[in-house]
Structures are given as C-alpha cells and as structure tokens.
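You will see chain A twice below: alongside chain B first, and alongside chain C after that.
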Partner chain A sequence: MARLIRTEKEVEGRYTEQWIVVEEDPLDRWPEGPLEVVGRPAARVDGLQRARGEARYTADLALPGMLHAAVLRSPHAHARVRRLDFAPALEAPGVRAAVGPGDCDVLVEEAGYQGAPVAALAADTFSEAQAALARVGVEWEVLEPLLDPDEAVSRGELIEEASRYERGDVERGLAEADVVVEAEYRTATVLHNALETHQAVCEWEGDELTVYISTQWIWGVRKDVAKRLGLPPDKVRVVCEYMGGGFGAKIDPGDHTYLAAELARRTGRPVRCALTRREENLASGNRHATVQRLRAGAKADGTLTALEGEFTMAVGWDGFVSSTAGPMKMLYGCENVRTVELGAKLTTGPNDAFRAPGFVEGTFGLERLLDELAAKLELDPLELRRRNGADADPVDGRPFSAKNLAECYRRAEPHWARRGEVRARSEGPWRRGVGLASQVWYGGGGPPSYAWVRVGSDGRATVLTAMQDIGTGTRTAMAQIAAEELGLPLERLSVSLGDSSRGPYAAISAGSSTTPSMGPAVRAAAADAARQIVEIAAQRFEVEERVLSLRGGRVVSEDGKSWALEDVTGLLEDGQILGKGSRGPNPAGMRVLTFGVQVAEVAVDVETGEVRVERIAAIHDVGRVVNPLGASSQVEGGIIQGIGHTLSEQRLLDPGSGRALTVTLDAYKLPTIADVPEIVTELLDVPDGHLTSLGSKGLGEPPIIPTAAAIANAIRDATGADVRSLPITREEMLRALREARERAYAL
Partner chain B sequence: MTELLVNGGRHEVHGSVLTTLAEVLRGHLGLTGTKVACGEGHCGACTVLLDGAPALACITLLEAVGEREVTTIEGLRDHPLVDAFVRADAVQCGFCTPGQIVSAAALVRETPAPTREQVRHAMAGNLCRCGTYPKIEEAISTWQG
Partner chain C sequence: MSARTLSRPASLEALDETAVPLAGGTDLVPLVRDGLVEAETLVDVRSLLPRGVEPGGIGIGAGTTLADLERSGEVPDALREACRLAASPQLRAMGTIGGNLLQATRCWYWRLAFPCYLHGGDRCHAREGEHREHAIFAVEPCASAHPSDPAAALLALGAVVETTRRRLPLAELYRLPTEDDRRLTTLAGGELILRLRLEEPDASVYLKAMDRQRWSFPLVGVAAARYGEETRLALAGVAPIPWALGSPADLDAATPLPGTAYKVDIARALVGRALAAVR
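Here is the complex of A and B:
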C-alpha cells in the first residue's frame, strides 16, 4: 500500500522538505564487501559506443531542415543597447529569422557582462548565421564596469543579503586561545570547459516541443522550459542520450535553449543553438573567485576555541552565492564559529555550480589556516585535525548516518609517514614536502526517483529510467545494481535512459547524488521483477517461493535444483515481466555527509617558483562502492581538475575594460596528461548503514575538495612558505618564499 | 568539387576555400566520431590521421588535404586500442576519446611499446576535462593485450 510521508531533500547543501510516496517495503541491506556484480570493477557498458565515436551527443544531432543559431553578445563588460537594426542581417544569405530584446526574455538591453546575449538569428548553416551577425546594426552605450568584489561590497552591490552564521561566542573563544592565527586567502574564477559546449536543438511538432540538450538534469529542463513557455510539462520532451561533460554548469536550460525554442517556433524548423568555445568561456557560468579573511584560535593542545571567517564571493552579474563558509561550519567540532558570506554583484559572467561549489574554495582557506595554526602550535597537522573531529553535526547536533573520517586518517598514516623520505629527496633548488587536507561534503541524494525494469522471455533485462549519464558512469552502475538483484551477469543487462518520454522521473546529476538517488530505485525495481520471476517459477515447477532465489542467470532452489531464467520467462513468449521501484526517504533526523583526506607530495623549485605535484593519495568514505573501476576514475578526474585550479587555471580580465583575456583553450590552461602525478585511490567501501538499501553516497565532488589545500600545505612543508592565493602561479610562489625568508630573518 | 580519400573510400565533396576537413567529415560525410570541441586547434578532440600522421581536422582546410588519406575514428573502430581504452576505463564523458584514440594509434604505429614519457609527449595535445589521463596511460601501455 502506498504510504505518504514527509521527508528532507538535499542538493548541494540546500535542504527542502517534501512529500513522497513510499510503496515498497524496504529491502534487506546487501552484505558489506564485493557481491557478484556490485562492488566489482566493471568496464563501462557504453564504453565502446563512446570510444568508437558511435555515441550521438547533442553536438552530433542533425535533424532534417535544421537551422543554426548564432548569438549576438555584448563585447563590453557593461553596456546598453541604444539601437538594434536587423534589416541588413535579414537580407544576408541563408538567414531565416532574428530575435532581439522583447522577442525572447533571455535577450537583454542592458548587458551586465561581456558575452551577455542581446540578439540571435537563425540561418541555414552556422557560418551563414555567424556572417550575418556581423551585419546586425548595433549601437552601444558603454557603461562603467565593476570588477573588484571588495569594492562592490563597500558600495553595497550585493547579489543577495549577506548570509550570517554564528554558534557559541567567538570573542570568548579567541580570548581563551593560547594561539591565534589569521590570514587572507584568495581563489580565482575558474571555468568549467566541458568539452561539449552548452547546446540544444529545439523542434516543435504542433504544440509539443522536443529539446535535445547537453544537460545534467532532463527533468529540471522539462519543468523550467514548460514553465517559462507556458506549456504543460508533458508537452515538453527532453532528450540527452550521451553528454560531453557538465561539472555543474549544465543544470538549467540556459539562454541557448530558449533562443533555439523561440527561433524554431518562428521558422517552423528545428534550430540548433550551440555555444562556441569562446562563448562558453564568457557566458556559460564559472566558479566565482573568493576572498577569505579567516581567523582561528586554539589551546596549546590544539583544541580549536574559535573559527571566524568573512567570505566575499565575486558572483558576477547574477548567479547564486556558493557556500564557501560550509567547511568552516561543518568540518570541525569547534564550539565558537562565526561566518559571514557576501556575494558581490559585478559586471562579470554569472557564477554557476562547479563541482562542490563553495567547498573547494572554502576548504582551501580553512585547511591552509589549520596548517598555519599547526605550525604555530608546533603540532603535527594530522594530529591537530584528529583532535578536533566532530562526533555529531556541529551545526545542529544531529547524529551522522555514518562518519568514518577517523578511519580515513588512519589509512592516510602510511602516506603521511613518507614525509621524511620525501623531504630527504630534496636536491639543489628543488625542495620536496608532504601536505594533507580533509574533506567534508554532502552526497546522500534523496527522493523522488523512479526506475522500471523489464525482463524479456530471453532472460535479458532492461533498466528504464529517464536519468542522464553525464560521463560519470551511472549507466554502468545502474546496470550493475539491477544485475546483482536479478542474479544476472552484467552482459544480460541494458540500460535505457536519456529521454523524458522513455522512462519515469529521475534525479539530477549534480551534488554527488545520482548513484545514491537512483541506485536504490533501480534496485527496488529489479527486486520487484525478481519477486515476480520467483512467483512464476514456484507455480511452474511446483516449489515453494521461499526456497527459490536468482543466481548466475538461473532460478535456484535450496535443494540444489535450478532452471535457466529463460526457461521461466520463456513461458511468457512475447510477455514481459515489469518491475517498478522508487527511492525511499533519507534517514530522519540524521546528517548524511561524505568525508575524506588527501595527502599530496610536491616539489618546488625555490629559484623559479615552479611547483610540481608528484603524488596524491586520496582516501574517501562514500559508503558502498558500486564500481571500483569507475570510482577510481572519478577520484582521478576530481584530483586532476583540482590540480588545474591549484596551479594553472584562472579567468583573467583586463582590469580597465573588464573583458576576458582567457577565452580560448591556449590561454586558459587546463591540465594535460603531462601534468598528472601518481594518484593512489583508497575508498573505504563501507555501506552507510542508515542510508537506503544500497548504503552508497555520491563520489563526483568529494575528490576535488581537498586537493588545493593539500598541495599548498605540502608546499609549506617543502619550503616553509605560506601560499595563500589560487592558482599558485610562480609570482605567488616567489612572493610566499620571499615572505618566509623575511620572517626567518626577523627571528 | 574535391576528391577526398577517407577510411579507404573515395568521396566527391563540395566546399569553399574556407571549408575545414572537420566540417566535411561531420557535415557532409556523417562521420561524427570526429568531435569539435574548440574549433581552433587547441584541444585535440578533432584529431584525424593524414597518411598516418595526426592532424587537427578543425583547422585543416579541405583544400589542403590533397592526395593524403584521411583516417578517422570510424576507420580505427577495430583497432585494439579501442578495447584497451574501454578495459582501462579511459572513457568518462567520451567526447575527447575518439581524438585520444586517433592520437594514440599514430603513436603506437611508430612506437608499439612507448615509455611513459613518450606517451605524455605524444598525448599532451589531447585535452580531457574529465581527467581520464591516468587511464589513458594505462590503456596505451596495455593495448597489445
């Protein structure tokens, strides 16, 4: 019977309450450790399609009669359109339609950042559309840019009201401290640069709109597009079969989707709107820069007595303020904490979620501060962290559903113990050292999410759910979970996803939530199908249901008899067995979080300021690991992105005009294969005993969180220099070395 | 009208003096395995072989190809590297993967058992934002089984 319950839902730290319907009785939890399929390394079920170039991405879609849009974007950081004349552009070869402010509400008259969309047109080919853009008559009134976040705050230019948090008494905590450290840390604006740019193809059939889109959330796009266009949601179909990376910036439909929909409506033809790489680096979102003014007080034994932070985020023209104070509130059991988060409204491109938004930046500041504190206390940095562990959520006292950070620290010891040997390998100008940093993040997922499982008479099964695989390997994880429950080898499973008209509602692929949200629904659907198979077999072979189970593609009886699955399902000929499942609630009154620690080894050339990362050991606890092979890839990918924003990536603006200088991939420095250190991944792989029948949490974000701080702390270990600004350019490295030398002379 | 030799077949294609090889492969011949991610020769996603040597299709003009044979990922689908990439999990979102495999195929044809440094040198022009690099190294070091 359906039970209606109220439960808490979390995405990237934003909690909401909602009603859900729970139909099934909870399933037994699987035992710990590798099972038949779950917990064992599996190559991706769609690996061949992707590797052979057969997978069709949104970028590869060519519909009959399809037109191509090009978008006129502001060349100025801040400007107003005085006059817009489409007439010459409409006469250009191939042009079919043009739209400006007033025609589509994503087009603006006041451009608040370079790249803000002002007008768009559709033509037979993309090059014709681009050529016609140059013929649009446009007159700009250039306005004053505002680029400095501190200046914006002092002028009161905030995106939203300041967010304040306080527990205990920070003044008392500081007064009781034996040691106080304070420092200012900065992180740069960094760009997602998924290799498939933001794009959509929109096609109208009558009053029904199909949106083919590179997205992290099929159902979110469906809901937003329907709402904005005034359509019933079931008139909007959203398709994303293969997706070329998102990292947080492809959650909303985006301006391009609304432009494609409007141009398609006007022309009666399908329209593609795809950002170029340069547009991608101006107008598709970014991780906002931060300025963090932090203070910590501690007793001589290392007990934290106070943590205080003022965080200013360079949000841009719009976008949300990422929770940069999160780690300071959540990571340590300090009684006295006060934070304020200020989101500066600037004439720069909008902030968007980027792999653990806020926590990457905030962990850099907090975990650097902890190492500066450890140095002053002459305490081992690992020991300092151990002494300040939180047994319950420090924010509201809730018990954790599971917390194994202490075990992560224990597993980090052998890596941490390499310090002496690593330092001893310093030679000439190259100084070597080891640093570590801890990680806290969400990642529990939540309801609602649904899946169906279809078993055919040939004994093969298909998982159907309208989720998306953005490259994380969730298609494979879902196949593994269903295979485990059905007792089938992985090769007898298919997964059909990526189309809102081909399966039920599914969760967002963000916030490290896909596997913990979808996995339990898929398992429940497979269990529903498995139950029906057992019931059919019991009747056909005249045995009791309770002695039957599904294993190795067979229905197995306790007395040793067994029948091939297809001998049972084959009875049905064209008939199918249909299972359905849904995601149940998260544990009431508990805090579901992920934890981990990374240990970095670096080499620093103290003459040139060159920094090389030589080794990173990553130890994370994300509950049960469904696919250890895919999981290690997630960890490596997170760390490599982390190395990028630690050492080389930053969006640079011309300080006078506010125009971006880093819009191409030769100017914006992504890590290459030559920048990758040795990476050692250790996942605890202990199911969270309170979280769903699966006990799995998400792994997309945790690995990127501590990387920058671990590297910067290793630099301190190697050289005694405190780097406080990301990326750690040679200038920053040499500045920190100079400061350390001056500090040494002064003593 | 230009004659183009692609994956062992001859094709008559039309293009202006500014038409790129990537446009012809993807748009005219339907060979969408060649991806375009930056369109200006910075990322390697569009890598194809011209007479066996890696080239960036997005900045190679059709007119400049001449008599050289073009090999795209579609012409390398049965190369053992493809399986090696899948086995090693050197595929995340997969958008850069065809270009990676084409570059790797050129490398192992010259140097069947490359050193780590040779792999890093030959593959440094193929960006992967998902960070599959360690698995790419593994795939290239195990491609012969």
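Here is the complex of A and C:
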C-alpha cells in the first residue's frame, strides 16, 4: 500500500521537511561483502562510447537551424548600464535577435560582479554572435567595488543573517582547559572548471520546450524552468544523457538556459547558449574564500572542553553561505561549542555548491587546529581524535544509522605508522612527513526517487529512470544493482537515463546522493520484475514459486532444474515484464552520515618552498560499495581536486578594479597528472544496517574533504611550519618556514 | 581572430615591416584571437625557417621545435632541460625556438588588455595589484616577468642570434621598455630570427621553480653554463626580459615587489644548486 509520510530531506547539509508517498521497502538486505555483480569491480558500461567520442554531450549537439547565443557581460565588478543600443549589432551579419534587461529577467541593469549578464544575442554562428557583441553600444556608470569580506561584514553587507550555533558553555569549557590553541585560517576562492562548460540548447515545438542541458538535476531544471516561464511542468522536457562534470555548479538551470529559451522563443529556432572557458571562470559559481578564527581548549589527556569558531565567507553578489562550521559542530563529541557564520556580500561572482561546500573549508581549519592542539598537548594526533569521538550526533543527540570512524582509524594505523620511516627519508633540503585528517559529511540520499525495469523476451533488461550520470559512473552502478537482483550478467543490462520524458522522477546528483537515492529504487524495480518472472515460471513449469530464484541468466529451482530466462520471457513474444520501484524513507530519528580519514605523506624543499604530495591513503566508510572500481576513481578524483585547492588553485582579483585575473587555464592552475601522488583507497564496505535495502551511501564528496588538512598537517610534521592559508604556494610555504625558524630562535 | 588571411612568402628576406610571421603559433594565435596583436595578414614562415641542430659549434635553426631540442643529443643540458620543463608536450611539439624567444609576457594585466605601461599606458597595474608571478629586477616602469625558459638557458650559453639582417648576442635581442618605446625586443619590423649559434660548454644546467610539476611558466628559472673557469648565470621569470646574473651576490641587488620577495629566496637556492651542478 502506498503510504503518505512526512520526512526530512537533506541536500548538501540543508534539511527540509516534505510529504512523500512511499511504498514499503520489503526487500531483504543483501549479505555483506561482494555479491555476484554488486561489490565487484566493473568497467564503465559507457566507457567505450565515451572514449570513442560516440557519447553525445550537450556540447556535441547540433540541431538543424540551431542559432548560437553570445552574452554581453559586465567588464566591471560593479557598474550600472546607462544606455544600451542594439541597433548596430542587429545589423551585423548573421544576427537574428537580441535581448536586454526587461526582455529576460536574468539580464540586469546593475551588474554586481564582473561577468554579470546584461544582454544577449543570437546569430547563425558563434563567431558572428561574438563579433556582433562588440557592436552593442553600451555606456557604463562604474560603481565602487567591495572585495574584502571582513570589510563587508563590518559594513553590515551580509548575504543573509548571521548563523549562530551554541551548545554547552564555551567560557566554562575554556576555563577548564589545560591547553588552549587559537589561530586564523584562510582558504581561497576556487573554481569548478568542469571539462564541459555550462551550456544549454533550447528548442520550442508549439508551447512545449525542450532543454538539452549539462546538468546535475534534470527534474530541478524542469521545475525551475516551468515556474519561471509560467509553463506546466509537463510542457518542459529536459535532456542530459552524458555530462562533462558539474562538481555542484550545475544544479540550477543558470542564466544561460533562460537566455537560450528566450532567444529560441523569439527566433523560432533552437538556440545554444554555451559559456566560454573565460566566462566559466567568471560567472559560473565558485567555492567562496573563507576566514576562520578558531579556538580549541582541551584537558591534558586530550579531552576537548571547548571549540569556538567565527567563520567569514566571501560569498559574492549572490549565492549561499555554505556550512563551514559544520565539521566543528559534528565531527567531535565536544560538549561546549559556539560558532558564528557570516556571509559577506561582495561585488564578486556568486558562489555555488562545490563538492562538499563549507566542509572542505571548515575541515581545513578544524583539522589544522586539532593538529596544533595535539602538538601543544604532546599527544599523538590520531590518538587525540580517537579520544574525542562522538557516539551520537553531537548536535541533537540522534543515534547514527551507522558510524565506523573508529574502524577507519584502525585501518589508518599502518599508514600512520610509516611516519618514522618517511621522516627518515628526509635528505638535503627535502624534509618529509606524514599528516592525517578526519572527515564527516552527509551522503544518505533520500526519497522521492523512482525507477522502472523492463525485461524483454530476449532475456535482456533495461533500467529506465530519468536520472543523470554526471560522469561519476552511476549508469554502471545502477546496471550492477539491477543485474544482481535479476540474476543477470552485467552485459545483459542497459540503462536508459537522462531524459525527463523517458522515465520517472529521479533525485538530484549532488550531496553524494545519487547511489543512495537511486540504488534502492532500481533494486526495488528489478525485484518487482524478478518476482513477476518467478511467478510466470512457476505457472509455466508447474513448480512452486518459493523454490525458484534467478541466477546466472536462468530461473533456477531448488531441485537443480533450471530454465534460461529467455525461455520464460520468450513466451510473451512482444510482451514485456515491467517492474517499478521507489526509494523508501530514511530511518526515522537517525542521523545518516559518512566518515573517513586520510593520511598524507609529503616532501617539502625548505629552500624553495616546493611541496610534493607523495602518497595519500584514503580510508572512508560509505556503507556498501556497489562498484569498487568506480568508487576508487571517485576517491582519486576527489583527492586530485583537493590537491589543486591545497597547492596551486586560486582565483585572483585585481584589488583596484575587482576584475578577475585568472580566467584562463594557464593562469588558474589546476593540478596536472604529474602532480598526482600514489593514492591508496580503502573503503570499509560495510552496509549501513538502517539505511535502505542497499545500505549504500554516496562517495562523491567525502574524499575531497580531509585532503587539504592532511597535507598541511604532513607539512608541519615534515618541517615544523604551520601553514594556515590555502593554497600553499611557494610564498606561503616559505613564509610559514620563516615564521617557524623565528619561533625556534625566540625559544 | 581578427586576421583574415594567411600568406606564404617566397623568401624570408622579402618580408615587409608590418608582417606578422607565424611559425608554431602557440603564442601568436591566442594573441591574435584576444586582439592583443592586430594583423590583417599572418605570414606563414614555418616551411622557410631552418629547422634542426647542426653539431660542432652548435647552430640551431629558428624553426626547430622545443620537442626537437628536448630530444636532441647535440644541445647542451641547460637548453635541453629548459625545453623539457617548458609548457606541455602538445605545445612543445608546435612551438619553435625562435618564437619561444619572442613570446609575450604572461602578465595577467597585459594579457587582459588593462591599459598598462607595456600597452602604452602610464602605469604598471601589477605593481599595486596582484603580482606574485612578477619581477624582482628592473621592476620599474614595468614589473612583468619574461616567461621563456630556453631564453635563460641560451643567455647563459652565450648564444648569438642570426637574423635576416644581422648577428647579435642574445642579450642584445632584448631591451627594457622606455617612455617612448614600450617594446621588449630590438627586432625591427619584418626582421626574423633565422638561427642561434652557441659554443658547447663544459657543463650546464637549468633549474626551474613553478606552481605545479608541469605546464607552468617559471616563477624562477636558473641556467648556469661553465666554460673553463668561467660560469655564466641567467634567470627566467625575474625581470621583463631574460636576466643575466653577474654573480650570485647580484641577487642582493634585487628590488622585488612585496609579493615577489619570495622569488629572491628561490633564486638564491637555485643559483647555489646550479653552480654546484656545473662545478
């Protein structure tokens, strides 16, 4: 029976309550460990298509008659349009339409950041559109930029009201402490720079709009576009079959989609609006910079008595204040905690979600602080963390659905024990050391999410669901789950996804939620189909249902008899077995979180400030692992992105004008393959016994969270220098080394 | 791209003074695309430029790619290493040594067309702005940093440049900008580098500090070449032009900006290592 319940929904750490209809999830839990298909390494089902260039991304789409949009963006950090004259641009070759403020509500007259969209036009080719842009007459009134987050806070320029949190009595906790440490940590603004830039192609057919878009959430785009354009949602079809990366910045439709839709409406032609790499670096979201003023107190035995943090975030002209205080509230069982989060409104590009927003930044501060505390206490940093574990959610006392952080620490021991040998390999100017940092994050997913499974007379099965695979390999994971339930080899599964008109509602791919949201729905749909196959086989072969199961592509009876699946489904000729499934509720009253620890080994050239990350061991608990191969590549991707933020990536602005200086990939320095260390991935692979019939959590975000702190802590181990600011460029490393030398002389 | 056409001249000597020659194009094409080089016509000189390394009193054709040089057994270690540590394999496969010596600065203000001193404006935006990648010598009136690794190596190796019109020491190919002439080279319009000549050193080395392990311009590059008792030093990434260093002590005369002081520390360490390596 369908059941109506009120449930808590979490995305990226933000909770909302909502009504949902759930079907019971009566499936037995699978046993722990690798099964026939689930839990075994599987190459990507679409790997060859991607490698051969056959996979069609939004960027590959060329519809007949398609026009190309170019967007006039503010060259100033803060300016007002005094006058806008399209006439010369409309006469330029190939130009079909132009829109300005008032024509489409994403276009603004007051530009609050460099790159804010002011006007757009559509032409036959992209170069014609770009050439015509230069002919738009525009007169700017340049206004004062505001770039410094502390200054914005002191002026009261906040994105939203300060977020305050307090438990216990911090003053008392500090008074009771034997040791108090206090420091200021900083992280830089960093950019997603997905391989595929933000883009959409919009096409109207009558009053129906099709949006081809590089997105992390087909259904969110459908809902937002329908609402903004005043259309019934069923008149909006959203398609994203292959996607070249999002990292959090491709959840909303974005300005480009609304511009393409409006220009398509005006011209009666499909219109592509794709950001260039430079636009991508200006106006497609970022991880906001932070300033973290932190304090910790502890007893001589390491028991934390107080944690306190003031977090200032350089949010931008718009955006959201990500929960940088989250790790301080959630990671340790400290009784006295006080945090305040301030989101500065600046004349810079709006931030957007970026792979564990807030927690990456906050973990850098907190886990550096814990290491400084361990040094002052003369306590082993791993032991300090062990002594402060939380047995229940420290914020509201809820039990965890599962928490195996202690086991992660145990598995970290052999890596941590390498530090004597690693340090001993220091030679000449190169000093080596080992550091670690813990991780807490969400990742439980949730309802609603649906899937269908179709089994044909040829004994092949297709999973249909209008979810998206944003490049993480969920297409493969869903095929594995359905194959397991249907007792089919993986190669007899297909997955049809990426089109809102071709399957049921599916969850967002953000907040490490795709597998835990969609996996149980796919399993339920496959189980529904499997049940029907067994029922049909029982009738056809005159055996009892309870003695039948599906294994190895066959219907197998307990007495040893078996029939090929196609001998059962083949009876139906053109008929099909149709299974449907939905995601059940999350465990009531429980906190579903992911945990882990990373151990980094670094080498530092103390004369030139060069930092080389030599090895990272990543031990994470994300419940059942569906595809160990896909999972390890998620871990590697997270760590590599983390190394970029730690060592080389930062968006730099001209302090006078507020214009961005690092808008190309030679200036904005992502890590290259030569910067990638040895990465050792260890996943506990223990199903969460309270979370769905699958017991899986998400893995997209956890691996990037502790990387920066683990590296910085390893640098301290190697050199005695405290790095408190990201990225750890040569100048920052040399500054910290100089500070450490001066401290040593002073003693 | 503002350039409309590509012409193929009969000879290199006949180029007129407004000609914009195209060889590897790895720097020129982006500059034309970004409107930083205005050219109605690009002159394709690739097939006319000498390419390859002539051994014994080494001669290097200007059309020799960096990839050719990093694989050559004929060129001194400093040059080979400077080529190997430059750019990416794709760029090295296209980029020529002649073009590499003439590449424009990576100064973000210049690249983003701020009206800076080098563009003919009245001030250097980097001096009061973001300048962590900028100069420690000759920071006035323009604090840009020369990005070529091979240029520093060739300067230490005492390379002589043969152009379509003259022979000159590499050091004389470069000039600091002045009030009435903002150019950073002495090459005349239509003049092309044809060949480089250098003497085999007894030992040479190139060391480079960058923001990541590969595909990054030098924060500091140090070339050292020893000829008998004499060792010559040259630096990349520290001045608007490749910078010859008379002695390690000359680093004391550096005049870094607040954000480039760290480069002096790096240069000191790398100069010490380079001298030890060629000893």
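Heads up, the rule we're going with is that the second predicted complex is superposed on the first by the 745 of 747 C-alpha atoms of A that agree within 3 Å, B and C clash if a C-alpha of one lies under 4 Å from a C-alpha of the other, contacts with A are read in each partner's own complex, and residues count from 1 in each chain.
The working rule: a contact is a pair of C-beta atoms (placed from the backbone, for glycine too) under 8 Å apart; a residue touches a chain by one contact, two chains touch by 3 or more.
Worth saying up front: this structure is predicted, and the values here are computed from it rather than measured.
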Partner chain(s) touched by A:L191 [first = chain B, second = chain C, both, neither]: neither
First, second, both or neither for A:L263, with chain B first and chain C second: neither
Partner with the higher number of touched chain A residues, chain C or chain B: B
Contacts of A:P671 with chain B and chain C, given as first, second, both or neither: both
Which of chain B and chain C A:A55 touches, first, second, both or neither: first
Which superposed partner A:G656 touches (first chain B, second chain C, both, neither): second
Which of chain B and chain C A:G637 touches, first, second, both or neither: first
Which of chain B and chain C A:G245 touches, first, second, both or neither: first
First (chain B), second (chain C), both or neither touched by A:L366: neither
Residues of chain A contacting chain B in one complex and chain C in the other: 664, 666, 671-674
Chain B-touching residues of chain A, taken from the complex the two chains share: 43-44, 46-57, 59-60, 62, 127, 192-197, 242-245, 247, 276-277, 470-473, 629-630, 632-633, 636-641, 664-666, 670-674, 676, 679
Residues of chain C that touch chain A when the two form their complex: 106, 108-109, 111-112, 114, 125, 128-130, 132, 209, 211-217, 219, 259, 261-262, 265-266, 269-270
Interface residues, chain B side, partner chain A - complex: 18, 26-27, 31-40, 42-43, 45, 72-74, 77, 82-83, 85-87, 89, 91-98, 101, 119-121, 123-137
In the complex with chain C, residue positions of chain A that touch it: 429, 605, 607-610, 612, 647-648, 652-656, 659, 661-664, 666-667, 669, 671-675, 729-731, 734-735
